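Some structures are shown below for you to check.
Each of the two complexes below includes chain A, the first together with chain B, the second together with chain C.
Up next, the complex of A and B:
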């Protein structure tokens, strides 16, 4: 409310009435979609683990978690939003602030974004702009400041547009990953971010608080990896359920999320003992990679795969809305401030397989990691998912296809958009791909 | 669906031949494995009946607004003159865009798998690349010697360069759709392709060329060329391996087929003489579905 009179540099002036009307209609539609997604997930696994109810509740973007964050804010806590995974959440946690990721997964708001940027722009960006336009996203609205990591072109310009409303801290990420000057530069960015967060929150990040924050995310990584590892064997959890658990980490309370995920893994381990599979162990095992799939509307592909005829199961992903969230822990040798900060720098830069990077041999880290995942998770087919306008993922496809061809793993390039209109056509493509994988066994 | 026209008695240039056929000299008994494949596409519905995995009869009709009815219509037509009734079928497979809405089907299989299988049946085991040009999409499929899909690509949701696009163009130029291929070849020199094959802009594009003084044939050649380029690109991306065949409604468009051959520098396997007694490449999907039906029936018998 306070900045009502500030002239907007990017966004159109929209009346309060229009904002409210649009928000209410999109919100109502979104609540329906979230409920339907969850209903379908329940149906896919009639014996769905009890603890999934917790994640269903957290997944309700307009539910309990929104209220919790609001209550914490009222007690004086700051909320720091971020758009890319490179934002060092440990620093946010160490300053006693709440980190939330704010990318938008709403199809409807991408059309609103068209008022500000051309339709050729990646729909994740357009959708986030649209969500801001109608004040739809609780986590974006609750954010007191935003960390914008300048990864792709869309993210870079998005941060400018959002500066109409929010304090934005840009983090300049080096594009060439494997050089000492890049790491030095990035480590300076991390230090600078620490100072900004401290100043903004008024909380000093101490050796003790940072150590505690790092240890907390390490615990989360442990739980996260435990869940991913459980998907290496015969299917014990539907891919969609695991993906939902992964994604809720982005806005949930970290400690509680870790406990619940461990509880889920305890239950799943029992099921492994009892050989209680969630679907036939013959079900084709799929890995998805490419553009992030933000909840809730982007459940389109996972739903199609796991409800297809013949059906498949997603056993792994290589997405920044999934696996990449927590796969890599911050590895600290000595708990000095300098050491911790450089460990954070290392983890966010070196471990990432984001296609915004290139190195001496292209983005070889991503290729190697994908091949490794395919082998360890016994993947039979890869779906390479790209939304229109997502340049970096689109451009990396050719090389990845060749690499996967070499190890005889079929890969399917699935291009789509923030729309529901292509579901029928996508279904044919997904089913034909799964038939192809099934044909390797029988048919 | 037919476009609303302002003039009542306007000739429907887009309309292609709906027909059915029973292969002569074939007989069936109740001991035979009688199966059917029903392919409900976005523009046409096809049904094929097989006896012990051999093509026996088929019907091709336009898809109406209701998938189950279109499926029934196509199958009824394939049944006509055969003495067969629905209860004689051991297994029926539905395929095509409306595959989940084929009420009599025991199972649905995608048209991608079915076209590869059907092309293998029509042309034999040397087929490795199938271009299926459907009413609303184009698929480039790579298959092995048994007709199994090895990889495939499909255009996005845009209808550019598809059968539906050709229908719109036939109406626009007032050329009967079945002659469109021949006429597109009646140019002394191949004009450059139109820059945009978008169905929605077809009219604007064509009008611009007419204003430049282009003949109907030349405009059609430029449009057909652009569609062929689009298809050739798709084949290129999936990786062309010989032999190449074209299935779907557009397989009958000589203007498309001959241009693809020129662009890619390969010959397609010859088109069966479907007007007389050969198999129709338009029913490749339905034939493939009927073959899957037989395989699925036999598999069920074994277990």
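Up next, the complex of A and C:
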């Protein structure tokens, strides 16, 4: 509790009563939606692996994990939130703090965000603002400080707006990623962030603790990649289930998550041997790319694809709420402090395929990575998902389409908003696309 | 007397080293450690260090050793530099020392690095033409081609001895520049510096050279390899037209699988950028010593491949195992 009242630069003054009322109504609605989503996931795969129960529990944002973090906080641990995947979580882990990602996926709160920013702004931003306004998001409320990486315009201003409430550490990220001067700049930012985290948590990041954090994350990456590799063959897991597993990493305890994911992979491997597929191996295989999709509300597209008629299955994605979370490991050459830090810098800047980057051949990394994914995961169609207001993903579409046309992979541009109203219309569009894919498979 | 004992010890050491290398190689391969190539390289370096001494104890003309190494280059590229060179081994040992102190290496600016690599050729040319230059400065009374050739290969300033210098291990079976307890110690280039510059000044320059390279390689990885005229001449062999297929041993990159995470660039001992920057295909650079650290550290399966001709020997893979080495 701050003793003196801080003047709010952006946020409107709302009475406590209104906040509570709004929060309770949104929270109840959201809990219902979470339960419904999970129920539908269970229905889609009657033979759902036992381990998924654990992930369902963690996915309940107002459940077990919230209590755990609260308990750890009472013991004196700090919680550090972050908004983009560029935040170096290894540093947070090494300082014995808890990293959580705080972007919000609530549809209802995006309407509240309209009070602060125009409607044209990306709904992820509006929803996060709204969630803060009514103190909805458990992880945003629990975090003591936020790392905001200034990637897109929305994130840049979001950090400014949230600074009405929280300590914000902005990390300036260079937009041209493959030049040595931008790498130098970014490495300085990482070093600075290390100092800030150390000062804030009071724990020194030592060589040993950082090494342990890197190795722990590498183990998580190993489990994560194992899960993605399992999706290369005929479908053994619903795309939604895998996406949920991926996303729970953002707020779960990293060690426990790794164990559970390995357990899930063990189970799935057995199924591969028994040839137990979740759906017919002829089901069109879809890759989703574009704007991140956040649990719980923004689960619209995966649900639609996998419940449509004809059915599709999401075998891979290129989302920063999905496969980009853990795909790239930190590759350390020598375990000295400096080298570990620059390895972390490299991993977060250079390996990323975020569209906020450009280079002398544009964002070619993303195209190459997509083509590789399409080939390796045997993808038959790509859904390019963009929410209105997401400029960067929207603008990169044309080039990606051209590149994928060359390898004869159909791409479908699906634009939507944080709303439930267009579900019916989207269903028609998705089904038409899947129909076309099925026809191609038959042919 | 002493020589025979030392010789015996070394011979046994070579055999033991070979045995250990074999066992280690199998173990490392089985346990799938992230650093298996680096371990193997260390073992091979140690063995070749001893083996070269062993070779030199027989009075094999040094020129033959040079010719064999050059012939190897056509097939294997600069593999010699990364895996066999005794001077390189010394520098790698210093890196181990630095790692023990937990100090980080310094990198040279890319531009300077490129310039240094170009300067290798200048140094090489200078030594190759030294007999000619000397002949021009002090022309002999009558021109005789045989005399020039004699100066090239047998004269007081044999250019090829400069090329041979990094191949000489620290202990030599002939009279070295420094004798301690009847063991002839040597250091690359020191013998030549003393021969060329004379006893007194030569010793001063030699000590400065030893000090500089030792300190330099403590802070910059493989610092001498960036000047080394032997490396330059090895690289030159594959530069001629008609040798585009050479070296048979090379690194190949798959552009689509690469996410440009930059690991290959950071782990490279001689700061080669080409693996990172080149858009797929055969990596062709005279700076690469084929230490294969990049292929070893690349975290994406099949992105970097080490090929001999069309046959893949080793490829990058998902190495995510907790490191057991420190």
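Just so we're on the same page, the second predicted complex is superposed on the first by the 439 of 443 C-alpha atoms of A that agree within 3 Å, B and C clash if a C-alpha of one lies under 4 Å from a C-alpha of the other, contacts with A are read in each partner's own complex, and residues count from 1 in each chain.
The rule we apply is simple: a residue touches a chain if its C-beta (ideal position, glycine included) is under 8 Å from a C-beta of that chain, and two chains touch if they have at least 3 such contacts.
Remember, it's a predicted structure, so these values are computed and weren't measured experimentally.
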In the superposition on chain A, see if there is space for chain B and chain C together, and answer fit or clash.
fit
Chain C versus chain B, contacts on chain A by residue:
C
Put simply, what angle do chain B and chain C open at chain A, by C-alpha centres, to the nearest 10°?
120
A:46 in the overlay: touching chain B, chain C, both, or neither? Say first, second, both or neither.
neither
After lining up the shared chain so the two structures overlap, which partner does A:12 touch, if you call chain B first and chain C second: first, second, both or neither?
neither
Counting only touches as set out at the top, which of chain B and chain C does A:118 meet: first, second, both, neither?
neither
Considering only touches as defined above, state whether A:431 meets chain B (first), chain C (second), both or neither.
first
For A:368, decide between first (touching chain B), second (touching chain C), both and neither.
second
Report for A:207: first if it touches chain B alone, second if chain C alone, otherwise both or neither.
second
Now for A:421: first (chain B), second (chain C), both, or neither, which partner does it touch?
first
Closest CA approach of chain B to chain C after superposing, in angstrom, is 26
Shared chain A contacts, counted only where both chain B and chain C touch the same residue
none
Residue ranges of chain A in contact with chain B within the complex:
309, 410, 412-413, 415, 421-422, 424-425, 428-429, 431-433, 435-436, 439, 442-443
Residues on chain A engaged by chain C in the complex (per definition of touch)
178, 180, 183, 207, 215, 218-219, 221-222, 225, 327-329, 331-339, 342-343, 346-347, 350-351, 353, 365, 368-369, 371-372, 375
Chain A touches which residues of chain C in the complex?
99, 102-105, 110, 255-263, 266-267, 293, 297-299, 318, 320-323, 326
What residues on chain B touch chain A, complex-wise?
97, 100, 108-113, 137, 148-154, 156-157, 292, 295, 299
